[in-house]
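In the two complexes below, subunit A is the common chain; its partner is subunit B in one and subunit C in the other.
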Partner chain A sequence: MITLGTALAFGGAATAAGLAGVGSAIGVAIAGQAASGVVSEDPDKFGNVLVLQALPGTQGIYGLLIAFIIILNLGVIDGNVKDLTTFQGLAYLFAALPMGLGGLLSAIYQGKVAASGIYLTAKRPEETGKGIILTAMVETYAVLSLLISFIMVNGIKL
Partner chain B sequence: MPQPSYEYALGRISVLSTHLLTAAQLRRIAEADSTKTAMKLLLETGYGENVATEQELAQGEIDLIIRAQMQLTRKRIQELTPDPELTGLFLLPVDTHNLKCLLKARLLGIQADDILREGGNFDLNLLKDMVHTKYYEDLPPIYCQVLNEIEGELAREADPFRLSALLDGALFRQAKEVLDRKKEKGFIREYFSLWADCQNTISLIRAQNLHWELAQLRLVLVDCGDISKEVFEESLDVPPEQLGARLNQGSHGAELVQAINEFAQTNELGVISRRMEEGLSLILRRARWDTHSLGPIIGYLEARETEAEALRMIFGAIQGGFEPQLPSVYA
Partner chain C sequence: MLVPMQKLTLYALKADRDALLLALQKDGSVMLEPEAGSKALPGSEKVSAQLDKTGQVLQFLVQNGAKNPLFPQKEAISYGNFLKETQEGRQLTEKLDTTASKIASLESEAAALRTQAESLDPWLKLDIPLEQLSFTETTRCHVGFLPEKELPEFQKAISGLLADMSLYELTQDGQAMVILAYEDADNDVKHLLKEHDFSEAVLPKRSGLAADVRKELLQEAEEKENRIARLKEETRESIPQKQQVELYYDQLNAAHDRLQNGGVETVSAFKVQGWVRKDRAQRVEQVVQGVTDAYQLTFADPEEGEIPPTVLENGRLVEPYESVVELYSLPKAGSVDPDMIMAPFHFIFFGMMMSDAGYGLVLTIMLYFALKKFKPTGFARQLALVIFFGGISTTLWGAMFGGWFGLEWHPLLFVPMNEPLKMLALCFGLGAIHLITGMLIKTKMLFREGDVMGAVCDQISWLIMFLGFFLMALVPGPIGKYLAWLGAGIIVLFGGRDRKGIISRLIGGLLTLYNISGYLSDLLSYSRIFALGLATGVIAMVINTVAQMLWSAGPVGIVAAILVLLAGHYFNIVINVLGAFVHSSRLQYIEFFGKFYEAGGRAFLPLALRTKYTDITK
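Here is the complex of A and B:
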């Protein structure tokens, strides 16, 4: 029987991986649809648009990273799940929230910027680099979310 | 397989819009010494996308190539749009043209195939069958009702003016019905309301100049405008210099007043048509950069139509030996 604290910590891990993953899926889907449109008219642009489509996928990886650190700290991997107090569990849950929410929203909006970058690439292939830079700007906030979640998760003493 | 999403559609439009003729390319074509050279230069740009048959190319008829390109454009728009109903409003003029041609051709006992346009909302063969059999139940209720009314009148008397007016009225009623049902409040409503207001203004001035009866004016007034049809009906006897004040209503009041004042100075009705074209074009240009609306799709269609207009002017000018006046977007 696991404690409420441990369950809350699992909730934190699920929040980080789940929300950021959903955001990435939506963001990649938005960019992917734009990319499909471009490639259906000009298959030669596949290489250019693929980079832009992949960019909103990073939030999912960041979320997975935070979730992984949480479950590592809980001892899930080596089979000895720790019993956490309710406050320790809540601490993990709150620590995971920046990555979950930041990842969810930044990935969706990055997908929209990536789609615009894909339209830019379609019209001016020589400006693909600028489209990538503009899209990467949104990434900043996902990285900030990752950073704060990482610091908080590592700051929890068990 | 086409996907009904704005992102997919805009992706395709982004590529397709790179194939539009540039001002420089048009100027080069306009500088050609003969239509044959101009045609060669045009086809080198990829215009027509090889859809014109060899026979059409051999005939050297620019109109056949333009028609082929426009038909392809309209079909493509229908295929990629995420909202076929709203997009279809911009194709209604094609359907209206086809219906007018088919009805008039039937009255005259001739074939209209050469002047029909593909790429409308209603399948061309279906329209031919319908006009032939006088059975219109497969069309939207507004068109069905109007066409049944027309058939009823044609059985008594053939009046091409009334026929055209009823079909034009059906276009705007259909647009209003779709816009209201879809609760559209963006650029498409703005576009149709400006079009209807200008159209009604032109009809009013024409009615005044030709001393029409109120019943005749009523027939040509169309729905969908910001200004109610009653205002136009009540203005039939208003002197031209006071029309501006009377029609200064709705979201396009200022533009209408400007156009009417210009008309009062020049006494040239074409001024209002030109102002209307500019206004409609401006609405579409403003929506062209939207990333989650039909703006870029309709903008592409409009750009192709403007391009076609420019090509007709250029080839007409080369044939006639005078300087072509290109649309302002190519200036």
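Here is the complex of A and C:
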């Protein structure tokens, strides 16, 4: 029998990994479409645009990270799933929200900035570095979401 | 350090110009600058066009299967040989250029033939030869398509006229049809056709039955395609001689650079000007002397309003970090070179963001061998060295935090995942040092410019306030509080000193105090160090956990587990090197440079032998 609390905690892990993963998928796809366009004109730029395309992918990783810590704390990895009270479970769910939502939206917008960075690379390949930095600016907020989710998850005592 | 630059002006005879430019290019320390009235040398346009052509030929070779490695091995060649234009290279370039344009025209011809053949598809059952589809003395002929929905009405209408109609295939353009009309009825027929949106078919101007013509066209297209294939085969055969074309390209490129600027000239003399490093002035003079003694050469420090190019010079350990500054923007001439102070912070932050000793070792070893093997130059070498140093830093910090390929082992300091608040405090502490260093540099710059008010009121006041906050937290007693108030007081009183009137000035001062939120967000930004470190560590744990699960599933599982470990950790290293580099650079650009840096320097691009494919040995 799994308690409602445990189920809610699973919901938290799913929120973090799922939403952030969806965001990264969309972001990487947006950047990837732009990248293919540029590579069709100049295949030599593949290396440069690949780096830019990879940037919106980190949110998915951060989401996975939070989800992993939650299921680690729940004992899923070693096979003895703990029974949580409803409030403990809710706490996990809420703790995962910043990562899920922050990851989802920041990855999509980061993908858009990455796409324009890719166009910048097409016109002025020597300025790729600046395109990368501009893209990384968006990621700041995913990093902050990750941090606060982690601190909250870490603070829940079982 | 910013290297002092001098402006060079050279007068000499036109007869010596080519030799002088050649010698200066070999030396590579003068950046010539165009001035009013300076012209490119004759022949430069031709060389430019030839250079473009050679570039296209090289690309053409790559399209036909020549290798195009990321780090090409440069072919060594002596300077003497480099000066002799390669005849083979030139001939091969011309030949390949002709082949490329031949292929292009054959391709478009073949495509046109295939389109023509396709246009015959609806008419294959037509039993009149194409050339006879025209008027006779008493009849007129219309060949084309009618929209399908117009057909029934059209049929009804035309049956009342002196005309005959036969139908062929139904296509996307409509019903294919041929209409034969008696001459007298033709005007009516034309009118009717127009009314029902009839469109004329364009048939190939050939004779014979449609089916035969189609076959003939396809055959011709195939012949052309065969010729294309043969030409491509020939091209592939010349791939082994690609080096000659590459040498030719480099030679043209050198000539192109040399011919760009011939300076201002009279009938028999010329003048060029440019920039040179102050410590190289002597050497340039010797180079000129080596060519001729009929010259006048002067060096002068930059005057007011003249902006010399920026040249950075640093010790061996700091020099690679010039690439980080270059990625942002070079410092303005006459300002400060941040490399020396930035490098240790970049080094520390990079390591903390990767924070896994195992990864650090792998990275250090990988970069060491990559540097040995590929011998990158310029920007690529600097970047590789920054990551190499980053690898060392990662190893050190990994040992501090006890991270070894995602496993915990004897941390020298503490484990960030278990003590997140301690880790955050460490990040913010380093961040505060970083920010304060930036503000101190700005203070020094302001003092040097003689702006004492600015230094005291806009920089030192904040530093006093921060010191106050720091003491409030750590030292008992009111001293911290007093210092904080002192700092805040200076800011409120003098922050708005540009404004007129006491009230407006105080309001301005209070608004300046509001900048504290900016400093706070700068400081919070350093929490990314922890978050990125966390990402590396936990993803490594995930990889290990998955591998562990697979390991217990028998022999196949063990193989899979090893694969997961190798691929997973490799992926994790790559993605985190990217993250660590980008984010530790960002902390420099936004948080650190924001405090003092004056960007907008222009690059020093001397007239030199810049080769892409060859390595010139002196």
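By our rule, the second predicted complex is superposed on the first by the 158 of 158 C-alpha atoms of A that agree within 3 Å, B and C clash if a C-alpha of one lies under 4 Å from a C-alpha of the other, contacts with A are read in each partner's own complex, and residues count from 1 in each chain.
In the analysis below, a contact is a pair of C-beta atoms (placed from the backbone, for glycine too) under 8 Å apart; a residue touches a chain by one contact, two chains touch by 3 or more.
Just so we're clear, the structure is a prediction, and the values are computed from it rather than from any experiment.
Look at A:Tyr119: by the touch rule set out above, it reaches subunit B but stays clear of subunit C.
After overlaying the two complexes on the shared chain, residue contacts for A:Gly37 are found with subunit B alone; subunit C is out of touch.
Of the two partner chains placed by superposition, only subunit C is touched by A:Ala136; subunit B is not. When both complexes are overlaid on chain A, the residue A:Leu64 reaches subunit C alone and has no touch with subunit B.
Touch criterion not met for A:Leu4: it reaches neither subunit B nor subunit C. Of the two partners subunit B and subunit C, more subunit A residues are in touch with C. In the superposed model, A:Leu146 lies in contact with subunit C only, and not with subunit B. Common to the subunit B and subunit C interfaces on subunit A is no residue.
Of all residues in subunit C, only 68, 70, 327-328, 417, 420, 524-525, 527-528, 530-532, 534-535, 538-539, 541-542, 545, 575, 578-579, 582-583, 585-586, 589-590 touch subunit A in the complex they form.
Interface residues of subunit A, counted against subunit C in their complex, comprise 44, 47, 51, 54-55, 57-58, 61-62, 64-65, 68-69, 77, 129-130, 132-133, 136-137, 139-140, 143-144, 146-147, 150-151, 154.
Those residues of subunit B whose C-beta lies close enough to touch subunit A in the complex are 3, 5, 7-18, 80, 291. Looking at the complex, you find that subunit A touches subunit B at residues 30-31, 33-42, 45, 112, 115-116, 118-119, 122-123.
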